[in-house]
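Each of the two complexes below includes subunit A, the first together with subunit B, the second together with subunit C.
So, the complex of A and B:
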């Protein structure tokens, strides 16, 4: 009880000592909540989100997009064609969101999602170029190779952390650049498309691509949902998920009570890299159809954003990943038809992040009005 | 004479848990007024209300007879109330003068610092403190930091000084000096409130004592008139009897520590060539002045610190010095570390999870792919009742919300729920009140009677003498002497000092 800090705020500036206090106005008191029901938490979160969206609507209105037009554009996302591109975009977003969320859960700040995507793409493409495995299972082998690429790239950073105490925020972030230059080295060199002479790999063959599975849904989405389901199970139901909470809450204590900290960390970090590698894999095999220079651009920020908004919960990651895809696709339409700059889309993203971040305060504290 | 500080009918609840239920308190200028009570009796909460940190739900605060509604700590400070908290509120990389300036703002930084510096020197001289205003707080000892807090409050013009458990962090000599100073302050006209649960301090240094229990004020007395037994009974309610010791035949050696060396994180070797053994059914007490390697030894034993060299041999797995803690756990080692929130509890997680984490690996809460939350909750609730952990509304509540004594009981509930064969306890009763302390001792003795080997590392010689079958004295990282029960207090004391 003694450690509960408490602050009381006067609705007016504190009165000078000699005068009697202004009782009439009452005051706000803040205390720290000890428990909160999930419904209340969801309500606060939803309210903040609504405020963030309202602010975004006003800003877009000022930029020349009337709220009605905006609503029309948003509704337009749900026609078959746009929905298809939303679902295609959602798959890699969900995967990087999972990659970030898993690592963040045990306090490993994996900012190297792009580098791991790059290696995922490179490994998958290598399988294609060197014709590894029979055609019927080629796509599966590519997926496994992509996961291995992501794992390799993230474990390198983890190894440096354990062996040399290199902070992973720095190592993972900088390794993004190494990965992207290594990619350019391949695309301008050995793997350059001989037909077009563009710096990209040659087109994958049809059996090396993630196909549509009817009604415009690409199997990339299935990959993402499957990984999300496994992650959700691991986090919420398994013993490893139970241990993960202790590792992030108090690693020293976890060690002393016998939690296998090293093993769990290793597996979770590897899973994070694998998810990012798979994000690279679905991107090159469903959207691009070949290894390009920029298939990973911007996914670090999106991944962190999704993990943050979803509080590292794999189930919520799926929803947020989908919503972010809607935002991106709508943003593209708005850019084309209303000539707004892409920064507007980023602005909306940022406003929503700030709104959700602020809701944390109300979830942790209770504000009361007393007279 | 009107009281300098008067609190009447104070009620306060935190998110539904009642902390204060009609508490009353009054302190006069010029007296040291002790506020006595067990952990969780509401002493700190009541004083936090007086200092403006909490707003009471009902009740009034009056200063020199005038009812006030404090809007916050700054308001309280402006009205002459200053509080020194148990956990100091100092910015470590700042100098003493800068810290004091932060609490007592001046219009200009440069002239302000000059002014403060002079003030600190003057105030320190008056109180007999030796504080250099230009030293950084992180370079000061705990006692010196506390002096800085007191100077900070007094320079702020405090006429009512509240000290929350000021001696908890001090050695006996430092505590005595502090309390002498406090007495002199009171003689100069300050009203001093001394929050404590140490009876001897109340008897020696207080002019009046108010006793709290369960959020209520139960009595106000003159400590020079009331007997210690009376005061204890008022504090505790009913006194807990000391558990009986039964003599038991000793079993085989369960733990053997051989030529152990451990270093502190900065590289300094703190445990140098320590060897001892503990048999089944025996409590081995390790006495010594704090800072002689006990902390590092305890951490090595529980698996929080890798030893440099030497052996920690456990019946069953053998030498486990370098092995992960999980192996010790499987072999039946229970750990009660001195710093609960560093090595025993994850404060941000629930009581139920904290209870289950040490045993879940055995499969008692479901297979690896599916944990049985209902079973965890059920067992945690049962353990909480069995071990008398109080202040729990639901086992889903965060462990950090438990008071010190109850957090310790939770740790003990977890560690003893599996019938340990070896127990390592480091200062298990530090910061606990009489009753919680007795409960802990009872558990340690029960473990011994069941045939466990218990290592009790403590700086409290009374605790060591009351519980141990054999006592080792640790000085400069070595065991310099060993005594069998009944041991002579004087001889142990000499061994502690002679080799220092």
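So, the complex of A and C:
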């Protein structure tokens, strides 16, 4: 043994550097993908969506809805009657999705969609209560007033951001609570329905409601689609759309090369508030027929979800809005027949967003296991 | 008038405690560079877990609060894996977790039938003979044990962040994760640890609301206090003691709301209920107007760290 060691020392001048000892299970390393094929991307996205939906089904199973019953309820959405309520539901959802998406496009976290819906509803109802404008154009005036209400409420937050650097995430969320208490103040006070003594405004007159346009489709949907078309034009075709992309990529650079950053931001954020205000308007004038306590419940996160899944693209917003409306209507059915609280919809929404957000990581990075 | 003041101020520690715990929990996780918007949701988790424990195993409020802390920590692992491991946008992840928790707690509370079942909860203790001192005796020395516990917790966290090696490393991760990584610290581990530990305090805050203050579970009972706590952290510039002062301020504001009606002052009820939110906005404006918006903010707040993306 001794000899061998001596010989090796003499004959091999420098031993090769030792490999570091293997440690346990190894570790992950991340590579940034430069490119990814659309098929792979779709596969990852679809896979995570499927996982998210599977988790939702498991949770609902634990809550007492067997997957088979769930499938039956989901299929039941596609009969004529439920489809109608899906279309009615889709209108405000598309509008809040557009509102969220427009603001997110320039990096403004408008989380005050519910507050803006509330003020949309309040302004529209004020037009009805104080009989503003002739009967023939009343519904139009209500719509304009509702947009104004939404704009007012979102611009307050924007003003606080620009003037005092108040983070809009916090201010818009807090303003939701303020708006809903203001709504309660009106509904338990001056605007309470004198006939029923319930905390809701009195019923709108027929000409103050969005009417059906044949085969049960409500004109609320037309309002939503029209706004989506305008938004799609603005985002994809107009110069403002190009400016918006510029601002979200690099606001300082945009300012330096002469993009009117302030004006564009102001207009886009106002449009976002107007869309949310209109969502409140179509909700009260097509579904409820009066101002109620909770017509805006659950729309903030729905707006975020729609904007997030559609990547702020107004055309995709319409599609996602419809799909979410299916979820909403199913949620209502489950609430009625299985006593599952409606917050279940929020839970499923959150799981979907989490699943899709996680998939983005795998789309952007390649994970490797090295030992 | 004196009665009104004493009743009001005697309530303040109880209304301030949830804000204090929540803000402290947020400070711990945000000092590691993670923008944490989950407060509202994790407080709900703590609240439902606390009441659920009391209704299941009998009235053991201290056990219930520990369960509340554990439950919030466990759910926070979801947030931690989203933002630390999967590098999801921290705003999106935070909001998703809040709404996830709102849905989950609503579902659990209804299915387990914990809604609107009052519990005995935790009662106030009088520290005799100090409690017999006129005026301040009732304000300072007739409180529940958790309020007193807040003081050592604040000392501990403050010393941890400013005076300990671990706290220094945590802050380094939050200020400059690339440098901390180069120095051999595991950014991911520090951030996950900060989120989980901070979230236990969020759970305590929620459990305090349901087990100690309200002694009841109602869906969505946190009612925006989590968002106020997020604002409070900005106000306190990510430092524990100013956060305690801010919590007391909001405790005063929230504590005065029920007192106004009890004192027979006629005021529009729902407008009065707006005050905490309006006050928060006012405070945020004040912070902005002092023109020091970003002072104290951890340098890497909101930015995920991917070693391979080092710039």
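One rule holds for everything that comes next: the second predicted complex is superposed on the first by the 273 of 371 C-alpha atoms of A that agree within 3 Å, B and C clash if a C-alpha of one lies under 4 Å from a C-alpha of the other, contacts with A are read in each partner's own complex, and residues count from 1 in each chain.
Please note the rule applied: a contact is a pair of C-beta atoms (placed from the backbone, for glycine too) under 8 Å apart; a residue touches a chain by one contact, two chains touch by 3 or more.
The structure displayed is predicted, hence computed values, not measured ones.
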item: Partner chain(s) touched by A:348 [first = subunit B, second = subunit C, both, neither]; value: second
item: Which of subunit B and subunit C A:237 touches, first, second, both or neither; value: first
item: Partner chain in contact with A:329 - subunit B first, subunit C second, else both or neither; value: neither
item: Partner chain(s) touched by A:170 [first = subunit B, second = subunit C, both, neither]; value: second
item: Which superposed partner A:178 touches (first subunit B, second subunit C, both, neither); value: second
item: Which superposed partner A:255 touches (first subunit B, second subunit C, both, neither); value: first
item: First (subunit B), second (subunit C), both or neither touched by A:64; value: second
item: Touching partner for A:31 - first (subunit B), second (subunit C), both, neither; value: both
item: Touched partner set for A:308, first subunit B, second subunit C, both or neither; value: second
item: Subunit B and subunit C footprints on subunit A, overlapping residues; value: 29, 31-32
item: Subunit B residues touching subunit A - in the complex, by the definition given at the top; value: 14-17, 19, 40, 44-45, 48, 52-55, 68-69, 71-72, 74-75, 78-79, 86-87, 302-304, 324-326, 328-330, 335, 337, 341-349, 353, 356-358, 360-361, 365-371, 391, 393-394, 396-398, 400-401, 403
item: Complex interface listing, subunit A residues touching subunit C; value: 29-32, 59, 63-64, 109, 111, 160, 163-167, 169-171, 173-175, 177-178, 181-182, 184-185, 188-189, 301, 304, 308, 339-341, 343-351, 353-354, 357-358, 360-361, 365
item: Residues of subunit C touching subunit A in the complex; value: 37, 78, 82, 86-89, 91-93, 95-97, 99-100, 102-107, 110-111, 219, 223-224, 227-228, 230-231, 234, 268-271, 273-274, 277-278, 280-281, 284-285, 287-289, 293, 306-309
item: Residues of subunit A that touch subunit B when the two form their complex; value: 1-10, 14-17, 21, 23, 27, 29, 31-35, 233, 237-243, 245-246, 249-250, 252-260, 262, 366, 370
